[in-house]
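Two complexes follow with subunit A in common, the first pairing it with subunit B and the second with subunit C.
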Partner chain A sequence: MTYHRPSTLPRAALVLFVLAIALASVITSPASPARAQEPTPSDDQVNAVAKQLYCPVCENVPLDVCPTQACAQWRQTIREKLTAGWSEQEIKNFFVEQYGARVLAAPPARGLSLLVYLLPPLAFVVGAYIVYRAVRTWRRAARPVASPPVAEDDYTRRIEEELRRRD
Partner chain B sequence: MLANLGFAILVISLLVSIYGIAAALYGARSRREAWVLSARQAMLLIWPLVTLSALCLVTLLVTNHFEVEFVYSVTSRSMPGYLKATALWGGQAGSLLFWSWLMAAFASAAGLRRWDRDREFLPWVIVVVLVTLAFFLSLIILFENPFARLWAAPAGETVKAMFAPRGAVLVTPGDGQGLNPLLRHPGMIIHPPMLYLGFVSFVIPYAFGMAALITRRTDDRWIRVTRRWTLVAWLFLSMGLVLGGRWAYDVLGWGGYWGWDPVEIAAFMPWLTGTAFLHSVMIQEKRGMLKHWNMLLVILTYCLVIFGTFLTRSGVLSSVHAFAQSAIGPAFFGFIGLSFAASLALLLSRWNDLRGENQLTSLLSRESLFLLNNLLFVSILVACFWGVIFPLISELFTGQKVTVGPPFYERTTGPMFAGLLLLMGIAPLSAWGRTAGRLLGRLIAWPLAASLLVPLGLALSGTHNPAALLGFWLAAFVTLVTLYEFWRGALARRRINKEALPVALWNLAGRNRRRYGGYIIHLGVVLMAIGIIGSEFFQQETQGTLAEGQQITLGKYVMTYDSLAEFNAPDDRVVARAVTTVYRDGQKVAELYPRRDFYYITQQPMTIPGVYSSLEGDFYVLLVGWEPIGSSGATFKIYLNPLINFLWGGSLVFVLGTLVAAWPDRERTRAAARVPAGALVPQVK
Partner chain C sequence: MSDTPAPPPPAPRARNFGRLLLWGGLAALLALVGFGLYRTQAGPVSSGPAPDFTLTTFDGETIRLADLKGQVVVVNFWASWCKPCEEEAATLEAGWQKYRDQGVSFLGVDYVDTEPEARAYLERFGITYPNGPDLGTRISQAFRIRGVPETYFIDRQGTLVRVKIGPIEMNELQSILDPLVKP
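Take a look at the complex of A and B:
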């Protein structure tokens, strides 16, 4: 059987990734500020932070539910940081420094990424303006020949009339 | 050789479609009816041809012909027969063939319709449908051939090719790799066909729209012809989306059903434009307005359908859905660009023909509310499109990849969805043309007052999330308005026709299916909204490691961990299955078996939740970790998803409403019945 699955790359990347994380945590732990030791954080505390992070390999799977070994390692890192007394924001910043802004669920609102947040409301405003303009033109067109309200069909009109009589 | 036969038939189908395009074009230009008829025969012939080709592939799949690379990559001996057959759409090449097969079926159905009142459309509908089909067939033949086989080249390496490379011999592996475990689920068997059906059936309204533009027949004939096609397309697309959500909930093991994944959004985008289209065509039918806009919407929908297939199939955005990666990206991209540019150019060239009776009598009218509806749908589309492509733009310009995830989509589209709900409450009470403000006010007053009791009651009982309160208020408001509409109509009928109330209600919906079907759809949407609000805002979760016999508490529920077993399953997986007991308020309600399956051939783990469902919500438990045999600890993650079953129940109501709206009218049925059985295919004169 000489045929192999074409892509061994993702697994290699995964191994590298785990090594990188392990290395990163080794390098950074002594540098982390010394703070009062607290009791081991609970899984829920770890997940509360992990929920907001995405690892670069398992795209679109939040870290708190990702079943891969690499992500378990990340959660371990979060646990260690929490134990060391880091705040949620500090931990997030740490991962951003290490792996870039893509670990965040949504990009920070600065630089080019500001556009992410600006464009949709802008599109809505422009769209609303277009609708407004169109409505104005159409209303002007309608003014000379003010047409009576058009009922959808005879049947509905009868219902409407009946209702009016009842009122 | 079945593979050769299947491939040959595909090539013939492509040739037949090219012939059909040429014959239709020639027939239309030279006004020779015989050529158009011949093109129609060609279009009708393609479905049986592609059916044969697909049957060849299915036969190869179920009979373990592992020398065919596609069969090797998606099936294995241990898979049950039905999974082998449905593995047809379990991989890139096969799913493209499946797509073409469905497209060909719709082409045939369109070809068989009665063409007597719109014969001038026929050649152009054929051209548009067959160009789309020919594109997909050539993709299959040139890039993603499901019939390609494995060969051992003289140098020793294995190559994939349709025909034997020089000096190579056929390789027949003893077993295949098996289907991606994520796809071995009933939801995944029906979800892709539904989605694809939705995709391909939207091609028909687009084809009619283009035909109307080309022939300059720009009245609303094309819209009336395609109304039911559009509804059916929309129904399939909606069901595809819901089933996809259900599959994610049951199989992906993260406690949710919708993750704003790019590929989910890819299927959602044509749904958005399609929904806008379904509403705005009514304005054209009733008031002769918005002709340009409707064309633009149908063009957008078509392009988004192809774009959706492209995103799912090309792997351009790697995500949980983009299982398949291949070289067909550029071809797809070119096709989308070309069809978009060509359609727009055509629309611009016919701009003046489409001038409608664009008049708006009043701002307070159903048509202006529908305009707002369209504005919101398109704005949601822009946000979705932007969120999907922004990571690519960012990578292109700054070299930095970013994640645009749920927080972005929830924040940008949330208010717009709320706006849509509000419109859903007001628009049904408004009239076409002009609504007297006072009348509207009087109609709205009671439902409005009554609906306010809901958030008030919720706030008093301890719910303080303002967004959730707003959402529940909107849900109550729309429900009351919609029910009031039924009530108002039924009462009027009772007075006029002296019918008993239930009979009046039945006749009311029966005589105006489109309107009341639409209202039933609205009720379905409201139920779904309740499910979404409940599970979005009030989801609770916890995680803990338990020893056997220990328990964990979440909300009103207590779960004890009883035992865990690891065993081999016959279909190449190791299963770790926990037994847990769930108590609610001290009462035992269920025994759940969350498990982790590990497929060792593909090295993939799968987390299958144990779920206890009730109207109140789901108790959803995942087995996230366990100690090796001998020790007794296991880690569970538990979610409480309140009201989530309203989402699934609401989708059933939604489907029911769409069926009511799309059901053929009685008159039409009678007219069809008059045609003798042998003349079901009326001849085009």
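Take a look at the complex of A and C:
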């Protein structure tokens, strides 16, 4: 009886085939969720950028909740730019270039817009100083006037002397 | 007997300067807010020299209003998302075809729009006169427009002579342009 020993060539081919499959699965498997590049950005991703922008047509309504057709077009533009791999800052720069700095929810800290950042803390400091001054004045006004020492009060001194004499 | 010098009074000049600075700052801030409110409430520019601007059209041509002096210029603000603009689109194109040989230029300024939709709009209504985006909304701010559509008529001397708020009709367009094109 002869034992049929399989040749090593098919076995090597099998190993190579398995390795190739494994390699292919590694290459074609999706990346980790943190780095996933979705083909089209989700509404949340679009709105994350949109809420930082305001359409000049619909004043005081952030772009992510603005119901007009113009805003829908803008959100579509954001979606297209995200799909093209643009960063959030690049998209915001694009909108500023197209429609002006007033589309930004947070105006740039330069020129007159700088006042938006400087005035509130300045007003707070000035207000705190005014309150401090007012409280100090009130405290001074409420402080009782110190009565003269007993020894300096002539009337009291005379009464005390009289009392001592009677003792 | 020697006189002891009295202690210096608590620098009233510095205190006055501080107060002056505070009140001056407040007054400047109020003036700024007032000016902003005035500009917001002022409404569109309706007379006097037309604000100069440069329009880069969707075809890449650069047009400066000052270079059109000697011609009557019709500046129309529109947007693809604006329904009333659609009502006047055909009228404006017909007006352009009628008056283009009489020294009248039509310029379309696309306000707060996206380019693909704007191009589709121009194609849909067969608009052939120069049109371009209002980059940075600089032109609309110069004219202080309140919305779209708005149409501004500028005479041969570069003076703004008429403003039409809302869609314009052919008879109104003619009634404005006919006296302006008369030699």
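Criterion: the second predicted complex is superposed on the first by the 106 of 167 C-alpha atoms of A that agree within 3 Å, B and C clash if a C-alpha of one lies under 4 Å from a C-alpha of the other, contacts with A are read in each partner's own complex, and residues count from 1 in each chain.
The rule we apply is simple: contacts are C-beta pairs under 8 Å (C-beta built on N, C-alpha and C of every residue); 3 or more make two chains touch, one makes a residue touch a chain.
In this text the structure is predicted, and so the values were computed from the model without any measurement.
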| item | value |
| --- | --- |
| Broader residue contact with subunit A after superposition on the shared chain, subunit B or subunit C | B |
| Partner chain(s) touched by A:137 [first = subunit B, second = subunit C, both, neither] | first |
| Which of subunit B and subunit C A:86 touches, first, second, both or neither | neither |
| Which superposed partner A:97 touches (first subunit B, second subunit C, both, neither) | second |
| First, second, both or neither for A:119, with subunit B first and subunit C second | both |
| Touched partner set for A:55, first subunit B, second subunit C, both or neither | second |
| Which of subunit B and subunit C A:77 touches, first, second, both or neither | second |
| Contact residues of subunit A, present in both the subunit B and the subunit C interface | 56, 68, 100, 102, 112, 115, 119 |
| Residue ranges of subunit B touching subunit A (in the complex, touch as defined) | 72, 150, 152, 156-158, 171, 173-174, 177, 253-255, 259, 261-262, 286-287, 289, 318-320, 358-361, 363, 368, 371-372, 375, 378-379, 382-383, 386-387, 390-391, 393-394, 397-398, 400-408, 412, 416, 431-435, 442, 488-489, 492-493, 495-496, 511-512, 515, 541-545, 596, 603, 605, 607, 622, 624-625, 635, 637 |
| Of subunit A, residues touching subunit B in the complex | 1-5, 11, 42-44, 47, 54, 56, 59-62, 65, 67-68, 72, 100-107, 111-113, 115-117, 119-121, 123-124, 127-128, 131, 134-135, 137-139, 141-142, 145-153, 155-156, 158-160, 162-163, 166-167 |
| Sites on subunit C touched by subunit A in the complex | 22, 29, 32, 79-81, 112-114, 117, 133, 135-138, 141, 147 |
| Complex interface listing, subunit A residues touching subunit C | 55-57, 68-70, 73-74, 76-77, 96-100, 102, 112, 115, 119, 126 |
